[in-house]
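Quick heads-up: structures coming right below.
The same chain A turns up in both complexes below, where it pairs with chain B and then with chain C.
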Partner chain A sequence: MASLRRSRGENLFIRYLILGAWASFCLAPVLWFLSIGLRPRTEIITPQPIYWPTFSLDAWHMIWEDWPMAKYLRNSVAAIIGSVVIDLALAIPAAYSLSRYTYRGRDDIGFYILSTRMMAPAIVAVPIFFLFRNVGLLDSIWALMIVYAAINLSLVTWIIRSYMLDIPKELEDAARTDGASDLRILWEIIIPAILPGIITASVIAMIFAINEFLFTLLIASTPDAYTMSVALANFTGGSDGVIYNAIALVAFLAFLPVFLVVLLIQKHLSRGLTMGAVKG
Partner chain B sequence: MPNSSLSDADAGTVALASRKFKRRSRRLKAWFPYLLVAPAVIYLLLITLYPGIFAIVQSFYAVKFGPWNPVGFANYERLLVDTQFWGALLNTFIIGSISLALQCVIALTLAFYAYRDPWVQGWRILFLIPMLFMPSAVAFIYKLAFLDGRVFSDILIRVGLIEQNLAIQSSIWMSRGLLILADIWQWTPFLFIIFVAALQGQDEEVEEAARLDGASWFKIFWHISLPLMRPVVIEALTLRAIDITTMFANVFIITKGGPAFGTETISYFIYRTGFKFFNFGYASAASVIMLILTIIIAQTVVKRAFVSVRD
Partner chain C sequence: MAEIELHNIQKRWGAVWGVRDVNLTIANEEFVVFLGPSGCGKTTTMRMIAGLEEPSEGDIKMDGEIMNGIDARDRDVAMVFQGYALYPNMTIYENIRFPLRMRDVPKSEQDARVRRAAEMVELSDLLDRKPAALSGGQRQRAALARAIVRQPHVFLMDEPLSNLDTKLRQNMRVQIKHIQRELKITTVYVTHDQIEAMTLADRIVVMQAGAIQQIGTPDEIYNDPANTFVAGFIGAPPMNLIEGKIEDGIFTSEGINVQGLTRRDAGPVTLGVRPEDCTLSESGNLVGEVYGVEPTGDVTYLTIKAGPKMIELKAHRDFRAQLGEVVQVRFDPERLFLFDQKTGERVR
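On to the complex of A and B.
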């Protein structure tokens, strides 16, 4: 790929200075925060910041023993997987419809789906809160599932639509002349062919679901339905202040699996993030 | 088509049945794409249209915990002169536009240097890392480094730039700067990843031809690559702008909107009005105004940004 793009006539020193500077800016806070997670509480907020702390696994024991961390983790995983399943069930047929048929109102429907991505969570926060309160779903991971699915549905639909548009129509026509129904074509030809797109969409939906903060904060008002993201904001031991080392460890606990799956879909990431506009 | 069914009346039952079936299946065929897209649309309508209507209705009431008392346009009249509401809009705009502009410049610069680099994959992974932390975690990193732990002040003192700890919490502009910095740190990679992919996807031979004509890399980038990737840049910035204007977790954790409401974003304003003061009718009125603004912007700017990139 980069064969033609040799760096003739460019100052390599400046290039690596700039890229290196940004890399340090990215990594320094991360490494420092990791050191926060691995030090005792007494060395976090001190008159003089401590740069070489004593190693300690206090926080590790604390998050599992003093808090129902396993439960928060379970809540996060259940709500996220559930929401991705809802998204795929709704988005795959919708994307198929948007990419394979021509009909009146198609583009408007497509844009409506897309436009829900622009809705600020705060705008719908109050009504959604009342909605879930009225149906008795506050404090439950079902409510989180429903909300996460709604947040990500536009994204998932548009990513999958973009991958479907890439499949040559002849592939389907051949099957159709053999008498296969539209649904069978979708199931047996299209879905296997766009599997990378489906995985990319799921991973990106997963990231946004883990990150979701405002709705979770409102819906999960007791630890019963806390996810990791909101549990973090509540790691304050009253008079003890914010418990930073526990927060840091939980942050890395959530980071690692996300990092690993993102490595797997790396090539598709730019396409997923732009909902299919860039074919990276 | 309705006429044809009359002339078919005396046809054999088998033929009639089969034609009926065909007609029904043709009608089904016309509806089929709608049926496929309907579940997703209904789901989204329930979760956006219902709240929209609910907010509009509620905005005409005074709602605390008990019964709803109709108040007409009182909530809106109050909003129009509420300096905190307009302040929140202004803060959202100030913080958002500065942050977005800086992210765009940084991401373009990094992409310009990285996309021709042999280790571009490595840079992508490195730069991606901040984006993969939960926003609430990032907020705590910055809260500790700049406020609670004073690490930033300490480093500046050590290198001799300042003599006293910075009083970030009591300065509106330093607090805004902190929110902007956290946002830049976490989300510049989003733009970077997209820009690099767009640059890599461009035709190398055009660049090479320009190179042979003696154009510098910067000139090629400015006059050829950048105009080509304009639609992608616009769409990526639009997506980022949407997320920045809804910034919440950082405000909630780092500044709580202070000092003097100087960092209160519109999301935080609605949250505080509704869920801290339990003034739900008033919060809904603010939501409705935001909703109208969102629809206007979506139908004009955003629609164009998204349509242009795909056609």
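On to the complex of A and C.
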């Protein structure tokens, strides 16, 4: 008995050890960023290791007071949320159609949607720039919303489609004989049933959107439409040189919103990531 | 509350036939069971009545009105599914109320009707649970409540009991039949389980390969089968079907001899006799050796090997025998069936 109990304790210890090691491996860059961001600039570029760093809010004051970081943050959040809303509004009906109706060319259309993800973004960068210039949307967060939505639409559609395929057909037949129209079936039966999938797709879309750099740089030519990811680039040039502590702090701030969202919906997310793949 | 007529119903998907030449009239308040092996077209026929599939040809009428092209939600039909099909995000209460909401039943009426339906299936205590928190039997009762709550013209039940264990199934059979009698609603019930068909049906429709084999009351189906398929499908263990030939009213097959048949013309036939119409006897129609003995408590199943043929029979519950023991079996002369060997059709 005693030896059994001990081995179970050891087991638990090993388990924590492995998971703890993995967690610190993943979190180390984040903590490293935070530590750089909260140190004076002079301490960062010294060749000698510093064991007791000095705490400093220089970078913090700098990004908020010398730079319109609040505005960039607002731009980021607005563009990302807007793009996810556009994605869901388009992807849910598209996925419903792809998963539930049979018509000629359905599978081809599904593949076309997915194939938009396969080309290198740089190929369409110039056409997209001219497109937005011609419609007068350059330098606006509306353009960013549309671009982010376009980038993620295929992914979001396919994730949601795979969840819809897992819903038994019987459920819809039941709703239909109960007197529900197609739209009500979608709204009252399908969407609630695949909510974890919708959340998963949204979070993945948010992560891609917040990290988007190329198109943002093209479209946002003035600080009016700068986002966090483009703002980072501002700290690398100019007469001040590379401002590492500001870069680190902004990078941390860009990481934070998605991190918090994931933390809040963790339960749905872990269920969502497996539910689509494995039939319950 | 509704009469259903099926006229020359056909269902094809490309070259694949689902259902062919189905003609059937289901009377008002009747309980009709579609019985057949899987893939025989029984569920497809039901789905066409529900409006979830359109027939390729033929008409479906309810109370004389043609239903072709009318959407499922506009037919006053309620369906119970094999997998229950409860809405997982809603509580049992919301599940049962769903059809009332969809059909714009006044809010003031909804609550009372939901509670009455739940009471009929003894689910009143579980109304605020989600389907996932219910057992299989409770889920099936919830699905039943959702079907009865709006008092439809027609009930359709697609193998509703096949996911339940034997004891619960017996229980639910009684309950379903009771509710159907009480509400007096025309019911179509699909199953591959002959016991369910025999116990529930006013009339059974036996189907195979998309076509109706026989329509009749349970007694007719059991005592007067139209062909070898029906004869072999109904009854457990199934009817013994022995291929042989007939001449001068005498049927012979290897090791088997039956005299005194009324049929005079000669030729190959199949003789059918049910296991319960075979008895062990001093002077029998066949001599064979005991191949298997299966006591079940209330009856003992015997398998007798006669020539190349295995004959099943039901013996007294106390009967025991050694394997290989030689016995004689007598067939009840009143309860023999003859079938055409080629077509399988009954010859009288």
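The working rule: the second predicted complex is superposed on the first by the 221 of 280 C-alpha atoms of A that agree within 3 Å, B and C clash if a C-alpha of one lies under 4 Å from a C-alpha of the other, contacts with A are read in each partner's own complex, and residues count from 1 in each chain.
Throughout what follows, a contact is a pair of C-beta atoms (placed from the backbone, for glycine too) under 8 Å apart; a residue touches a chain by one contact, two chains touch by 3 or more.
Given the structure is predicted, the values throughout are model-derived calculations rather than measurements.
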{"item": "Touched partner set for A:R184, first chain B, second chain C, both or neither", "value": "second"}
{"item": "Partner chain(s) touched by A:I36 [first = chain B, second = chain C, both, neither]", "value": "first"}
{"item": "A:P168 touches, of chain B and chain C: first, second, both or neither?", "value": "second"}
{"item": "More chain A residues in contact [chain B versus chain C]", "value": "B"}
{"item": "Touching partner for A:P192 - first (chain B), second (chain C), both, neither", "value": "second"}
{"item": "Touching partner for A:P93 - first (chain B), second (chain C), both, neither", "value": "first"}
{"item": "Touched partner set for A:R176, first chain B, second chain C, both or neither", "value": "second"}
{"item": "Chain C residues within the chain A interface of the complex", "value": "47, 50-52, 71-73, 75, 77-79, 81-83, 85, 87-90, 98-99, 102-103, 146, 156"}
{"item": "Residue numbers on chain A that touch chain B, as the complex places them", "value": "1-10, 14-15, 18-19, 22-23, 25-27, 29-30, 32-33, 36, 44-45, 48-49, 86, 89-91, 93-94, 96-98, 100-101, 103, 106, 109, 111-131, 146-147, 149-150, 153-154, 157, 182, 207, 210-211, 213-214, 217-218, 228-230, 232-233, 241-242, 244, 247-248, 250-251, 254-255, 258-259, 262-263, 266, 269-271, 273-280"}
{"item": "Residues on chain B engaged by chain A in the complex (per definition of touch)", "value": "30, 32-34, 36-37, 39-41, 43-44, 47-48, 50-52, 54-55, 58, 106, 109-110, 113-118, 120-121, 123-130, 132-137, 140-145, 148-151, 154, 185, 189-190, 193-194, 196-198, 200-201, 204-205, 207-208, 211, 216-217, 231-232, 235-236, 239, 242, 245-246, 248-249, 252-253, 266-268, 270-271, 274-275, 280, 283-284, 287, 290-291, 294, 297-298, 302-303, 306, 309-310"}
{"item": "Chain A - residues contacting chain C, complex", "value": "168, 170-171, 173-181, 184, 188-189, 192-193, 195"}
